[in-house]
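Comments concern the structure below.
For reference, chains read A, B, C and D in written order, and residue numbers begin at 1 within each chain.
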Amino acid sequence: MKRFWCLFFMIWPVLALYVCWIAPSMGWWFPFTGPTGMKAASPLGERIDDLFYMILYITTATFVGTQIALGYVLFKGAAATDEGNTEKAWYSHGSHNLEVIWTIVPACVLLFIALYQMDVWAQYRVKDSFPSETKQGAIAEVTARQFEWRIRYPGLGPDGKPLPLMPEPQPTDLYTVNDLHAVVGKAVMIILETQDVQHSFFLPELRVKQDAVPGLDIPVWFKASKSGDYTLLCAELCGWGHYKMKARMVAETEDKYLEFLQNLTKSQNYDGVPETPAEGAPVASAAE
Amino acid sequence: MSTVDPAIVTTGGHGHADDHGHGHGHHGSFISTYVFSTDHKMIGKQFLITTLLMLMVGGALALGVRWQLAFRWEAMPIFGQLFPAQGGQIPPEFYTMLVTMHASVMIFLVIIPILAGAFGNFLIPLMIGADDMAFPILNMLSYWFMWPAIFCFGASFLSAGYGAAGGWTSYPLLSALPEAAPGSGTAQTWWLFGLTFVGFSSMMGSINYMTTIINMRAPGMTLFRMPLTIWAMFITAILQSFALPVLTAAGFMLVADRMLGTCFFIPSGIVVNDTDPTVGGGQPLLWQHLFWFYSHPAVYIMLLPAMGMVSDMLACMSRKPIFGYKPMVYSMAAIAGLGFIVWGHHMFTSGMNPALGMTFMVSTVMIALPSAVKVFNWIGTMWGGRLVFNTVMLNCIAFVSMFIVGGLSGIFMAAVPVDIYIHDTYFIVAHFHYVLFGATLFGCFAGIVFWFPKMYGRLMNEKLGKLHFFLTFIGFNGTFFPMHLLGVSGMPRRYADPYLHPYLEHLLPMNQFMTCCAILMGFSQFILLFNFFYSRQFGPKCGRNPWNANGLEWTAPSPPGHGNFESVPICHRGPYEYSDPKHSEDFWLQTDPPAKRGEGPATVAAH
Amino acid sequence: MAQTHGTTSVKMGIPISRAKLGMWLFLGTEIMFFTAFIGTYIVCFFGSPGWPTDTHQTHINIAAGGINTFVLILSSYFVVVAHEAMGLRDFAKARKFLIMTMVLAFVFLGIKTYEYKGKFDHNILPGKIAEDDFQAMDNVVKAMKTAVERELDSLIPGTEKPYEKQAALNQKITEPKAGEAESAEQRTYRAWQGWNEEFNRLRTEVSGNKLTLKDVEERLETGYAHTIIVDTKAPVLKAADGRDLTHVAGTLEDSQIEAYKAKQPFTLKAHTGETVSIAPDNLVTAVIPAEVIDLGHEIHHPFVMPYGNLFASCYFLMTAFHAIHVLVGMTMFAWLLMQGSALNETWSDFMENAGLYWHFVDLVWIFLFPLLYILPGLMRAV
Amino acid sequence: MRSKLVALVLCSGMLFVCGCGRTEPQFSYREGLSPRVQEYVRTTVDEKFGTPHKIRVWDKLPIQAHTALATVGEGSKDNSLVVDISGASRPIEPGTEVVWVGGTIMPRGSAPVTVEAFTKDKNLLSLVAAPPAAPKAGDKIVIGPGQTLTHGRLLYAEHCQHCHGVAGDGQGPTAPYLNVRPRDYRKGLFKFTSTKEGMKAHRSDLARVIEDGIPGTYMPSFKLLKPEESHAIIEYVLFLAMRGESEFQMNNLLASDYSDASVANRIKDGETQEKVIEEFVTRVKEGEIDEEVNQRNEKMIADWVSAQAEDAVIVPKEKRNASDEESIKRGRELYLSGNLNCVACHGESGLGDGVQTYSVTKNTDTGKDNVEPGLYDTWGNKLKPRNLRLGMYRGGRRPIDIYARIEAGIKGTPMPAFGAKLTEQQKWDIVNYVLELPHELRTPGTGVAPASPATKPAPVATTAH
């Protein structure tokens, strides 16, 4: 029976490793519905994934090592109580050298892990190390509220380019809900706010997550490396409809993006009168 | 001789009947013996039974959560009866309530009281050779302050919205504004009052433990002869008494925000549920800082005592001295010390100052170090031992094994950039369940079986114990291991219906599998309860020292009478002198007088 | 019950009594409790640009706080003396100094009450302080609504809704018979109606952006102090656009009041803007001075204090929890004093622990005083 | 002792398992008529509409309950039909059932016919097996009978039910906590429509609400639903609305004579319980009640049909005029004018605090005073007039949306239709003014202060805390 238990304790790590091994092929791995498959869809996301894999390798090695040691100890300990074996257990209070080794080695590894990723963190969060493209200002203000994302874009100027985003709403502003558009391949910044409780802006395929804290306007930047639709959802419990905050982030080319803003302008100024070819374009009256 | 087979353990030299009479003979009144007892053993048992019952409540709530995740929007068994008009479909706010109250009940009414309240109370005086706690009445009060807490949580269930639903972290503004969620009304207020009572209870307990451990040790029981359980309890008490007041204070502030119109956590201009904009200028992040200043150390409060107990049990069941006694003590102290400065790692994505994030990252990564040292030492303890594979040992090995997983998955979270992605996903849920259930609860199961003879003078049923362990272990891993993968897949926590989002749709079968495992695990806890109450009545009687262990508690009668020891025990050596070649038996009670000249009380167990 | 089996031969641990050790540890937890509050205060203080520092506005009374600090320190000294006397078995002296400590504690709480009262009187309460002009004006409207409704409740008791009561009140107002003077009751009803109209006018004007905060202040200062309600059907009281001024409220200056009393004609500038000339002959009913029901004084003077709510929250939280601790300490001393002549050396430990606790309470105040009273002033000076 | 313990454990286990019983949803109007009458209402409604688990669509209802309706065309063979599909609501998938409703008579009891594949560009519908009778050109068939509604019911249970309730009565378990109560469909009224005054909602109105949500309320945006999903939800909501309205009206019809209160009154006046029931039963037998019910139903259906017609939608006769200073000024004048009296509710500065919000108003249905001062909607909920300064427009922020609110009012609320009172230009002036209001400075006396043109970009806020 005791050997059964030894085996029992060894089966599950093997199973666990096996499950992890097959996980990517079963789809139990990074989200794959985005245009880039399981690969992160942003350069920063790729670096985050690299860090994840690095830690995964280190921890897997540790896991395997400790489980083998545990297994060995268990089988040997079980054998020690076999019939006829009357020898007492090894009388030892420990080993100073071993203690030093298994303190210093993990310490170095852990310190390495900690220091190695400072750079990624700084790039993600520290304003001074944001990509230079984001210095032009935010492309949109994303306001979370129970239970949707309301997005305010600046309107288009006379030159057909978006105006700068103002902190206060402007008559020219354009509004959408649950539909964030951004230019692909370009680092873009949004201003994240919340109208009520705390929410969290989560783009799983881009590995971006940032809480929207009441009372703060937080800049968030991201860069989609491939065009397409990405998931956007809330990752901080915000009430009963937490799971309902389903939105998308559309990464598209600059032309398409401008076209989207133009369409938005058009639909936002739609006055219900069917267009007649003679009269030409509708009056963009709100955008004086 | 050296193996401990419960079947062949017979009643020792001291008859059980004597012991029993000794235990309950002093006070005739039922009330003073069983209800308002000031005896630490009775209080410990009261805590134990209360928490085991609360464990079932918390488990039922968890099964509700799992049901919804596997069979979303279908009629939910039992809970669905509350919503007959909807055909038993539960609304999402009920789901968030289930999530919140499961966590609250499990943390505040199960894990913290079972470790500190049940085992701390029962073991501390026995293990250090004291006759009772330093302040017996305070001790009794610390138990009875649990009941207002339980009452408040119960009232929370009965309030509108079926209970607090702001998550156990109760982040404002969800928890500060009654309009923000159905459960944020009176239910949340009750919840906060409950928390305050838990705080009072813990504060009384921990002051009591510290005083007892500092000043009431038996002669010869030097600090470094204390069992690791006592060290762990001591360090836990320190953590609890110096971290918890911060949460209590924060709780008062939140209650004031809710009831007295203050605005510590409420910024101005917030509009919730179409109400008027709020006035104020407070900071929601302040709550997070205060909350995690307590709740991160609380994670260690929920773990350290189990670590200590497992160390004792592992040494006994391996018939070997603990490997590296002092490093074990130092690493626990290091965990406690670092535990105070890592709270910010719960807030990496919250928008706090990024420079703070870096500091917190380094300290958080480094807290893995003492944990690693402990794991290595446990394996070292078993190395070359004569292992006894009984229920106690199996649960202890499970503790070590699960703690390795929980510890390693913690490193992912400590790394801030990775945490950006996995924060608030099921990876976190997997991590803390591996630590809190996998480690702590398996440690508690082991502890219950190990010290049950001392509590009731009877042994627990081995077969049932092993069956319970087997089913729980399988159910546990089946439930929680896949959560790592869900987390990597980006499935956020606290979602009533994750499959609404296309990238999570394919995870439904896996969740159904997990729910089946969870149901298996949940129902196997009935075996434990049955075993507990059955063995309490019908288990085989045992002597003073059924496990051939060394600690002082094993020299007292089973169960110990009032005042614990017949005479003051005198401690001659450390608690881990198993298989000493100089001694004829493979255990050497701490009270046994030294065999030879020169080995006096001054010898220190570890070198 | 502690030592059933005799005392231990070799005592382990540190050489202080359990009770004292427990007290020290308890004070440790208490320190963390107040650390949380003080930390909160510091975070809020430095995290809020424009924290209210004007003591005139915040009604922070540095002198009162300073006296309180002195009072507490003195009381701490008295406790030490009392404890020492206990040690010397001079229990009468101990009692005397305990009583003096209690007296000082009461003085402390008295001064605290005085300070609180100042804040309550000026509505410096969390959640009630306006942080911009519009909130300030809304506060005036709200205060006036409360006052008017409360007055209505006192005129017409019962559980009916306010609008029902108002209808009932309107019915009660009847024309006095020819030659008869209006009864006091009638005058009160009419006065209330006037107030209600004042309130409605203020409400619509505020919501219609007609007023600035200064206007509201002025109206509070001059207007509501001497408002009269004119009720007349005389044709003279038609406004220029022909609007009926059946009910006009206006501000009376002293000379006008004199004129009114002397039954001489005078002109009145109504709040609606019209100038109305009033001749006693034209008055169908009497002119009613506002003194009949004076609500004007009850309405708090509007003020704007950015971050005032947070300030008030911190102030009240910290001082209130400190005051609760003072009360606990006083209970301990009271317990000792209640022993009366039975006070003996067995109470020495209790006395010492109570003293420790009292010193702690004192220490907390020594932190709170500079933080709450002096720091804002310093920041202002900087 | 041992056996007792075991028995105890077994018993508690049994209790635990017994608690797992399923509950039937209450798909019926829950307010009180006397039981016998309630039974009649229930059976009548179930007969026509069914219950959620057994939806039965009354063939007269203007609901697209099926995946598609089609006519068999020339050149159809046994199991391969050339069909003319009049617009499928969702992709026709293999395994979908096909039912003949006109033309060839299928023998009774024949096995159901299912689709094998559908080629869209060729309009070719191949069946798994040839139908028992040979199809002819001109046969009318239904593809996927009731499929849309069944799909809609599942989606409704997932997304909508906890607020709007299983029967669409707006009384789901979440509803009591929501400040703006979820819509009760049983009055057949939807607030924000693009249809003319007094008309019911157009399908596209429901679609817009599902897509964009209602800002400022808990109705979230379901923008990312697939088109066929949102279609299915709309059809199911329409079904609930019609079912609810039919039931509601039946209740109204019978309440005067047979509600609990009236029965009690009648008994007080000397009648007996049995007599009242007997009278009811004879009335039902004589078909008197059925006839009345049918008439009401037909009117309701006609209303819904007419709301879907093209001419039901509001189309401004003139284009929107430029939103210049003049227009805004005229808009403001109109806003303040006694003719429209916008101020009475929305207040002078548009904050939604007009005099009506604290005056006693009359209930539109009963004509009695409301319990508390303030404004109420038809559903009896207290409501606040819109604060026009928030820039949050529940019915949409496009000029046409606001135009439609002014033209036709907000249905079921005190917001009246001003269509007849104003010229086209005046309506647009008000629209311009309302759209400008959020940007107007709230400084006394300054009136409209147009926002300055954008010059400097939004500063990046500090986040250090």
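In the analysis below, a contact is a pair of C-beta atoms (placed from the backbone, for glycine too) under 8 Å apart; a residue touches a chain by one contact, two chains touch by 3 or more.
Only a predicted model underlies this, so the values are computations on that prediction, with no experimental measurement involved.
Computed centre separation for the pair subunit C/subunit D is 51 angstrom, with centres defined by C-alpha atoms. Averaged C-alpha coordinates put the centre of subunit A at 31 Å from the centre of subunit B. Rounded to whole angstrom, the centroid-to-centroid distance between subunit A and subunit D, based on C-alpha atoms, equals 38 Å.
Among all residues of subunit A, those that touch two or more other chains are 146, 216, 218, 240-241, 244, 246.
In subunit B, the residues touching two or more other chains are 91-93, 181-182, 268, 273, 282-283, 285, 351, 497, 500. Multi-chain contact residues of subunit C (touching two or more other chains) are listed as 47. Because contacts link the chains in a way that matches no line, ring, star or complete pattern, their graph is best described as other.
Chain pairs that touch one another, listed by label: A-B, A-D, B-C, B-D, C-D.
Subunit A makes touch with subunit B in their complex at residues 1-2, 5, 8-9, 12-13, 16, 19-20, 23, 27-34, 45, 47-48, 51-52, 55-56, 58-59, 62-63, 66-67, 69-70, 73-74, 76-78, 80-81, 86, 88-96, 98-99, 102-103, 106-107, 110-111, 113-115, 117-118, 120-122, 124-126, 146, 195-198, 200, 202, 204-205, 207-211, 213-216, 218, 231, 233-244, 246. Put simply, subunit D touches subunit C in their complex at residues 347-349, 351, 353-355, 358, 360, 371-373, 442-445, 465. Interface of subunit D with subunit B (complex): residues 1-2, 5, 9, 13, 16, 19-20, 22-26, 30, 52, 157-158, 161-162, 165-166, 171-174, 176-180, 216-218, 384, 463-465.
Of all residues in subunit B, only 72-73, 75, 77-78, 80-81, 83-94, 160-161, 179, 181-182, 273-275, 283, 285, 351-353, 497, 500, 526, 530, 533-534, 537-538 touch subunit D in the complex they form.
Against subunit D, in their complex, subunit C makes its touches with residues 47, 134, 161, 163, 203-204, 207-212.
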